[in-house]
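Below are two complexes that have chain A in common, paired first with chain B and then with chain C.
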Partner chain A sequence: MKDTPLSNCERDFLLKAIEEKKRLDGRQTYDYRKIKISFGTDYGCCFVDLGQTRVMAQVSCELVAPKENRPNEGIMFFNIELSPMASPGFEQGRQSELSVKLNRQLERCLRNSKCIDTESLCVVSGEKVWQIRVDVHTLNNDGNLMDAASIAAITALCHFRRPDVSTQGQEVTVYSPEERDPIPLSIYHMPISVSFAFFQQGTYLLVDPCEREERVMDGLLVIAMNKHREICSIQSSGGIMLLKEQVMRCSKIAGVKVSEITELINEALLNDRKARKAGGKCGFAESMPQERITALKKDETPVEMTDVTETANGIIQKGEAAPQTVPSPVVPVPGVGQVGQGLQNSWGLEDDDEDDYEEEKNDNSGDEQVEEVTKMDVGEGDVVEISDSEEEEVVILNPEVPEKPKNTGSKSHQKGAAASKKRQKK
Partner chain B sequence: QRSSNELYLRCQEFGCEQSLLSRPDGSASFVQGDTSVMAGVYGPAEVKVSKEIYDRATLEVLVQPKVGLPSVRERSQEQCVRETCEASLLLTLHPRSSLTLILQVLHDDGSLLSCCLNAACMALMDAGLPMSCLFCGVTCAISTDGQIITDPTAAQEKESRALMTFAIDSAKHSVLMSSTKGSFSVHELQQCIAVSQKASEKIFQFYRDSVKRRYSKSL
Partner chain C sequence: MFSTVRERVGEVLLPGDEFSFEAEEKISLTAPVKSEKVVCGPGLRRCGDRLVVFKSGVLRHKEPNVFWIDSQQRRYVPAKGESIIGIVTAKSGDVFKVDFGGSEQASLSYLTFEGATKRNRPNVQVGDLVFAQFLIANKDMEPELVCIDSSGRANGMGVFGAGGLLFRVSLGLVRRLLAPHSDIRSDLEQLFPCELVVGMNGRIWVKSATVQQTLIIANLLQSAETMTAQQRQQLFRKVQQGAF
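This part shows the complex of A and B:
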């Protein structure tokens, strides 16, 4: 599916509005859209709504062998999945340029900044470490997937709990969540990326571009920072020339935004922890807004099933009885089984096939064979030469007969004990 | 509270939200107990020449698991959903077009295939695609002592002897698709089908209630 192209009048309208410091949704230049963070039922699942952009992150862990050059450290694996649900332009399975860019940026933001203590993920040095896998699924693309993905990823990592392990010498025991409480990952700091879109060769800048604004922007500057005002990564794409002051100004704005977002994340984590401790149900189901007119929830109801057995019995009686003549495998001689005896060859070469079709044991004698026997009037006891005739036979190896079996793929019949033609030697 | 002549089977709590995503033409999320699935529909849209069919729309279904890349299990679920949708959508009204249905698993706690079917039906309704009938999915599990459980949780599914999912249509309550696992007798199969047909009435009533609530302000 292709994305709808942007019309010229839309593009002109957007650019003109930006020159007049107006945005489509009425925001100011440095405003973020409304961020909503919610969690799923299991640990490590997080939903982030950035305006209409929605992403979901899920963290999972597995015990694997560590990398050769780092035997003491755990492994982190990130994957941003651009689902076709998010935008008609995204295709399943294809590594588009945007997908590579987002994945790389998320890796630089989270892995290279060393925000997770990977040494604490080591269980047995050199043999077993935890591999933490973060999958970010984009559900709806309304611009600025990078920021939403980074918020979702770091929140999911903070929310995640891994199973407890204990080592006794070389033995490793992994406890299930029921046996021992799972423990959180040790996270040093929370890097969050902030995106700035530039228009008209760097003259105008907007924070948190929406999808329309992203389409008409000239370049994008992504700064990943944590709340201690440490820059974790900077990336500028699009080929725009930025002045030093612009970059400094952007980093100051990013510092302010990151501290606001970090507060929001901490609040959401705290609320979730309180809700779980109180024992209530947590999850996507609970976070579904009930007061909306497009949402409906119904409680458990019992369904009466008293006449189910009668209905079922009625159907079975009305149905046809099973066919009496069920074709079952027949064993003429030891080592040979045949299914579908006496059937005609329907492969199209009718004339000279049914001749050597002597059925040794079975009840239906050769009355089906209409074709005359062309060759092989070999009586019992004759020795059939393994000659180079076009009519090849299959010989069954019997204990009494010392002849070599010659299996053929004759006349396009499949080789096989069960439905191949055979000639019995007595 | 189960006696031999009376059977009361539990129907899990349902929840549904429509039009929750702004990009897809139709979207819905369906919640059955703890299992939740989000569905998005795009269509009718342009189709690749290699995939176009001259007299009907091409339906493509994608199931995205929560962790990892899609594997063979997702492919078989996609096939089940696609065949159900093709049976109920009026594809001949949009020849040489594409309909894409994407299902994202948000949480799997059993009865996943039936939750996918329900989410798919609500998303197709939300997108306004013409259908000859609605469909719903019901999962039945037969426990080791022979009892039939509808909408089993993951724990119940693991201990069951057989697991069956049926897609039931709304017009005649006939079976559109069935996917079974495990061993069971013919009698048990017919019982499960009858149970699913009964349970599907509740689900169709829920569809009606959702849509009635949704359009209550505009009509």
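This part shows the complex of A and C:
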């Protein structure tokens, strides 16, 4: 299927907006979109959301004979699949130019940088070594697949556990996960790639281009770096001429971004480890947002509105007290079972504890000014979100009207059958 | 049956729900027999002597006897008479190929522009936006677009688009915007002056005084999809105060 063509007026508008330093979603020039990392039930399965771009990485291992010229090193195999799910322009089975480019770039980023200790993957020298296979599937393409794929691949590798082996002479015993705990791979450093899009022959630069911006860009510079500021790979495509200062500036920006992203990955891995150790529910089913019939949820669209934050804060502070929290009925998504437990019968009202965040609110009933205080309990969930400067809003409609403290000028909450509650992340 | 359908106006119906025609228990011998006619709109279909729902959504009614299902989707299926925003992808001979987001590309003849003759061709380039309406749109033939109405006048259709931003929304939002007394439109009028072209294939084109305002309007419309009226008005008010 062919991709939707780009009209002339969109192209002109985008270039004009970039000249005025405006991006479609209100980001600044060097801002990344919101990154969300979540893990599956198996070790080595990881989902990464970069704004609307979504990829999944899965790591698996197998015992094979090593290569002839490297008898005591393990084998790493990388594969990026451009699924037709991601974009109408991607076709199943066909090796398009983009697919070749992404695969090559990921290999250079992870294999040539020697981030994994391949010698530790050797079991019997010359005969049996571990082959580690990383498959990255693109689920939705909203631009910058390369960065999302590199974050997903390295996070999945850090998350992965391979079975324990022991050798007695020529006999090799592979232990199943029940017999002996699987052991993690030995990873030296985490290379992450950062993409820079150039417009108007290198005059304007944007970090983390979205799909529209990628369509109108002149060239792309991809720098893969780790948090120790070592460059693992640099690639420039599109044939634009870049000045030396531009490349140096880009590498400095990449250094900053990579350290932020590495922190985010480590936090996500830590949360997942804690959740698994606590025996809590972990895995993909948990990290999906609960599909409630009575909930209206959308991430707040970032719109750059000058001077609006002060007025908005003013409005909120003069606003009404929030109503009491009333537990809402939770209907689990059909077809999704909870790990380790049966399906929940949730037609009775129960407390919201499935959420990724725990919220607490101070409700001062009365006519005083109320400021909502929420606390994000990061230890509970597997999901950590990084947001540059956004507020998240979740509005949940509850079927019963609680006792609302009377307030004049209360306009933002609905009357009648439903009460709403808002939560903000400070 | 008319009354049974009428009762359920405003309810959410699922595919498979049906309304069957029950014979009246008492037939008056003296009063004249009135024949009932029910006009089925999108989402309703007649199966024998039953009316079957095949799309999920809310049942709506318009006097005197029109019923339809108000459903929500993002994928557009062409229908005759609807005006859409299309992107010209190719010029072949005297026909333009236009992409409107459907499974096939539609054809638009150059003679169907106002004032076009064989010698006087319209100035249409590949990549331009056109606002056109469907002349032929069924599942068996290639869709055809025209840029004039039945009396030969353009009536707002044709090539447009310099300087604005095109973006995609769901079909439900588009129908809400085009409804006769639309709340969203009246809220938007109080914000900034802007030019808006709404295509029924889910594409909207916006142009305002500055790039910033255009971006704000585009983002507001995209987020208005999932907001209730109250939240939307609050958001618009915030933007209005922030802009001054």
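The rule is simple: the second predicted complex is superposed on the first by the 290 of 426 C-alpha atoms of A that agree within 3 Å, B and C clash if a C-alpha of one lies under 4 Å from a C-alpha of the other, contacts with A are read in each partner's own complex, and residues count from 1 in each chain.
Assume a contact is a pair of C-beta atoms (placed from the backbone, for glycine too) under 8 Å apart; a residue touches a chain by one contact, two chains touch by 3 or more.
Source: prediction; values computed, not measured.
Participant: Under the stated touch criterion, which partner chain does A:Ser83 make contact with: chain B (first), chain C (second), both, or neither?
Facilitator: The answer is first: A:Ser83 touches chain B but not chain C.
Participant: Quick one: classify A:Thr167 as touching chain B (first), chain C (second), both or neither.
Facilitator: Neither partner.
Participant: Hey, is it chain B or chain C that touches more of chain A?
Facilitator: Touching more of chain A: B.
Participant: First (chain B), second (chain C), both or neither: which does A:Gln95 touch?
Facilitator: Neither chain B nor chain C is touched by A:Gln95.
Participant: Just to be sure I read the superposition right, which of the two partners does A:Ser237 touch: chain B = first, chain C = second, or both, or neither?
Facilitator: The answer is neither, since A:Ser237 touches no partner chain.
Participant: Tell me which partner A:Ala17 touches in the superposition: chain B (first), chain C (second), both or neither.
Facilitator: In the superposed model, A:Ala17 contacts chain C only, not chain B.
Participant: Identify the residues of chain A that lie in both the chain B contact region and the chain C contact region.
Facilitator: Of chain A, residues 296-298, 300-306, 308, 311-312, 315 contact chain B in one complex and chain C in the other.
Participant: Okay, in this complex, where on chain C does chain A touch?
Facilitator: Spelled out, the residues of chain C in touch with chain A are 87, 89, 99, 101, 125, 127-129, 161-166, 205, 211-212, 214-216, 218-220, 222-223, 226-228, 230-231, 233-234, 238-239, 241-243.
Participant: State the interface residues of chain A toward chain C in the complex, per the touch definition above.
Facilitator: That would be residues 4-13, 16-17, 20, 22, 24-26, 296-298, 300-308, 311-312, 315, 395, 411-414 of chain A.
Participant: For the complex, give me every residue of chain A touching chain B.
Facilitator: My answer: residues 1-2, 40-42, 45, 52, 54, 56, 58, 60, 81, 83-88, 92, 133, 135, 137, 139-142, 283-285, 288-289, 292-306, 308-309, 311-313, 315-316.
Participant: Within their complex, state which residues of chain B touch chain A.
Facilitator: Result: residues 5-24, 27, 29, 31, 33-34, 36, 38, 40, 42, 45-46, 62, 64, 66-68, 70, 98, 100, 102, 104, 106-107, 109, 150, 186-187, 190-191, 193-195, 198-199, 202, 206, 209-210, 213-214, 216-217 of chain B touch chain A.
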